[in-house]
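Worksheet for the structure shown next.
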């Protein structure tokens, strides 16, 4: 296995390998629908000034299902070149077939990512049994040079990785953890309970983040953290100190924006919010459409209420 | 728009353009996981001896989500060369982005298919509104040289094309019809009720085929028709003559196999059944796995009960 | 077993015992919330002038779950005294416990009803297995002097009587048939397929009535038939003659009212529609509330479009 | 309003009126299916020796939907006479109609209960809107001499009390709190966030109790607390001290029994477990059936693993 960059190694040696607060980054497009490379570089440079642990490229919020392989490879190259080796970079590489997933994983590893986040295949839902998932992820992890993170995202896939499947897969030396994007806290607690302490369980739902941390999650990969990274990092810190009431109050303060960006307005909402903060975002790729002006105004209010518009740089793309 | 081959044109002039009994064909793989070209040619040649109206290549049963674009293009070429111009050939070309869907549609049209079957994009489920679907299909139909068929397959996509969306899209001159793979008969009846008589509504669920025909479907694209084409053609004929009781009895006779192949055992079940009948099928592509020997035995019994094993040719791949 | 009245017996001897078109009658309340006896007598007398096969008292549309036992007993007495013995009267007697169901069944039989319609118990949903349902209905049927009809109404109970359960219960000599209020046509077809020809399967959903008849239902217990009895009787007759297209067209004509009364506006909608037609209805019992004036206007339009307001008697309660 | 007994008043003055750990008690039946009065008295006396805050009679676990009004009234009398006035007694009084709910509430108040727990009406599901719930509970609370607790139990009712409804109802001076039996932690957090600090929110799901406490619940009404009251009381205490890890570990230890009694085996499982511990329970009322011997053995193991069988008194009913 390829050596991890120093800080992650140190961290892994201590407790967990991918704990912390990650954010899945958007893919900025120009008005012609192609990737806005320069905007992306600026975005990444700005995120590097925050306390975020690291970034995830080609996640759902990166519109990965709408990109072709050439675009995907290029994106990783751009982002890797902007993320210093002291900050972990994770790439989404899940595909419907095991073969295509392995191919994408190998390309990402070759491009220097620190881990891959592999969402469950899901098209043939009634065939997606625990046995099928265990074989799929085992083959991918066997073939991957970098650690694999499982990715359960039922709201998009319509399937769910059973705690039994995760329990078995956590035994694989190259499967380092998982992300669950759901808000079924009982299920998240099961993932935590059935896996070893050094298996990282990352939360992915902004509206139930506090509850997922209480349930034992080691960190999060969260779209909301793109907008308010300090708040998310601080919620985890409060809970680590047993300051339950303060952490719960922070969750409440985040709720309006968490609802808008996580669920209601999806990637178009996240892109609109980022534009309001001065990031390069551009329109989502069709069939996704930009949010309405009303939604944009609402997002502005919600960002403002959290003080997220205060330090917006003046220059724009 | 490219001229349709003579029989379909004649048919279209009379009543419907894509009425009849179609089957979505499987993609046979060799033991090394690559497409078995020679087996595929033999399969198509054999289906051409049946009363099937035409074929669908790259449908869900063709494991389309697991194939790459080069494989998909090659498949169309092979099948087109085996299907005479008097028999319609439809290709599945749905992708997550509008752009990729249009590209796949153009390649399929250039390869000579008579129509494209475009499943709904579905990844970002909460964004898949009627407005988004109408824009997506309109752009695809505008850009396509061949007629477009809408494809609603909720069991795989987790989203549903509202009757309102279909009603609007049916006005587009290049949208000729739709397939619905569900078993919600009330919804299918709505599609029929809200669209003009020359808009083809095709059923896709074997366990409720009789009911969908009663509800007014003009035909079907049915995996089960790959196995028992005569029975499916004859059910439609019985209903066209008002012989309700006989058609209902035929549906009952088909139920055990309909349940196995349509739902319970999916593509792996269909492939196993086809192998038992002497077709080239091979294993499904992982993460899909072949059915168990017990399921294989059950399928043999169910095929045998319908007389489908009687005329199995001796030669095998 | 108590002898059935002559016409039903004749019918039963021939083919089915409770085939035909029944309607579940509402319970008219006065402004003080008590039962409007005189209005009820007038309603029943008027229904007796229609081609309805018979009536169901204490069904869901009769607000049975909101009545106490004394009211229920009194209702049966009133209605029985207005329904001539040549027209079958069925009473709803389902309760949560087997014991209370048997007691209610015995009281109804003693009051002279021709059969009882027993909805599934449902409170402890995860315990409501096929085994539990089979024991419950067997004990009720053993204890009942009149034939028992099973009643599956998932939209209200959240549980469903599996086709396997119905198949077993249909063997009981005192279980004459069933009503299913759902719109899952595949499931209704299963009930028909798995039970003997003399076991009556009655449909209960107005929006899918045509489809349920196609699937083999012997009749219906339908709220909509309270409003347009002739149309419902005629749909069945058309299908018995194989006139599929005309029956389907009639279903379409009925759809707007079928949606309003069956689902959207429930009992309050049905009561408002009946008042518009000159029946005694009054307000529903709280927590149910009367429909809004807007809904009332919509119902008037929908009734008018079907010619149901033409022959409204002038005198009112 | 009737004065509350001293300790509850004191407590209410300070922070919450019904915070703490309550248990819904079962209704023990003899072999003839009637209430086992003497067994019930012994059970209550034994629970009074535990640290439970108080008891709930006529909850779902008391098989309330299967009892008639006379039995219900008698039960309250028996239990009230065994529960000293220093321990709060709550009675379930929810019915389908507002009128019957008010009548049951008045009888319970007259019999001396300290509060009533009123489950949502639920039969006519699509009519059960926020507006309908707010009117229903307002009328009940207006008419009740004792404080009213709202009861949302979607697993049994199939309907859900929206946070908006609870927010409005929390303003009523006679609505003191609520119980939610679900495991949707996000929704429970909403109830807490939208209501004043002196509005009690009680959890009801054993498998997610820890998470509900983290989310801010003031206490619980929990079937599991009938079996292991000390453990439940201690989980709340650990969380009040910010000892998150210990509380989470305790939840894990309770999980096997929590799953068995709360969900999988329902009231029959709870009754079997109580019999194993030496309580009077007897069979559940049909259609409910006793658990299988296998389940009984499993429950014995699960109780034993928690040390709950150690102090079982020798004398039995």
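Chains: A, B, C and D, in written order; residue numbering restarts at 1 for each.
Just so it is clear, contacts are C-beta pairs under 8 Å (C-beta built on N, C-alpha and C of every residue); 3 or more make two chains touch, one makes a residue touch a chain.
All values derive from a computational prediction rather than experimental measurement.
*Asks:* Going by the contact rule set out at the top, which chains touch both subunit C and subunit D?
*Replies:* Chains touching both subunit C and subunit D: none.
*Asks:* Counting one step per pair of touching chains, how far is subunit D from subunit B at the shortest?
*Replies:* Minimum step count, subunit B to subunit D: 2.
*Asks:* Average the CA atoms of each chain to get its centre, and name the chain whose centre is farthest from that of subunit D.
*Replies:* B
*Asks:* Do subunit B and subunit C face each other with the same patch, meaning over half of the contact numbers show up on both, or with different patches?
*Replies:* The interface of subunit B with subunit C is built from mostly shared positions.
*Asks:* Could you compare the number of C-beta pairs in contact for A-B with that for A-D and name the larger?
*Replies:* A-B
*Asks:* Averaging only over C-alpha atoms, locate the centres of subunit A and subunit C and give their separation in whole Å.
*Replies:* 53
*Asks:* What whole-Å value do you get for the distance between subunit A and subunit D if each is reduced to the mean of its CA atoms?
*Replies:* Roughly 40 Å separates the two chain centres.
*Asks:* Between subunit A and subunit B, what's the gap in Å when you average each chain's C-alpha atoms?
*Replies:* 36
*Asks:* Where does subunit C touch two or more other chains at once, residue-wise?
*Replies:* Residues of subunit C touching two or more partner chains: there are none.
*Asks:* Inside the complex, what are the residues of subunit A that reach subunit D?
*Replies:* The contact residues of subunit A facing subunit D are 183-186, 189, 193, 207-208, 210-211, 214-216, 239, 242-244, 248, 251-252, 255.
*Asks:* If you look only at subunit D, which of its residues touch subunit C in the complex?
*Replies:* 33, 60, 65-68, 96-100, 121, 123-128, 131-133, 135-136, 139, 155-156, 158, 263-264, 266-268, 285-289
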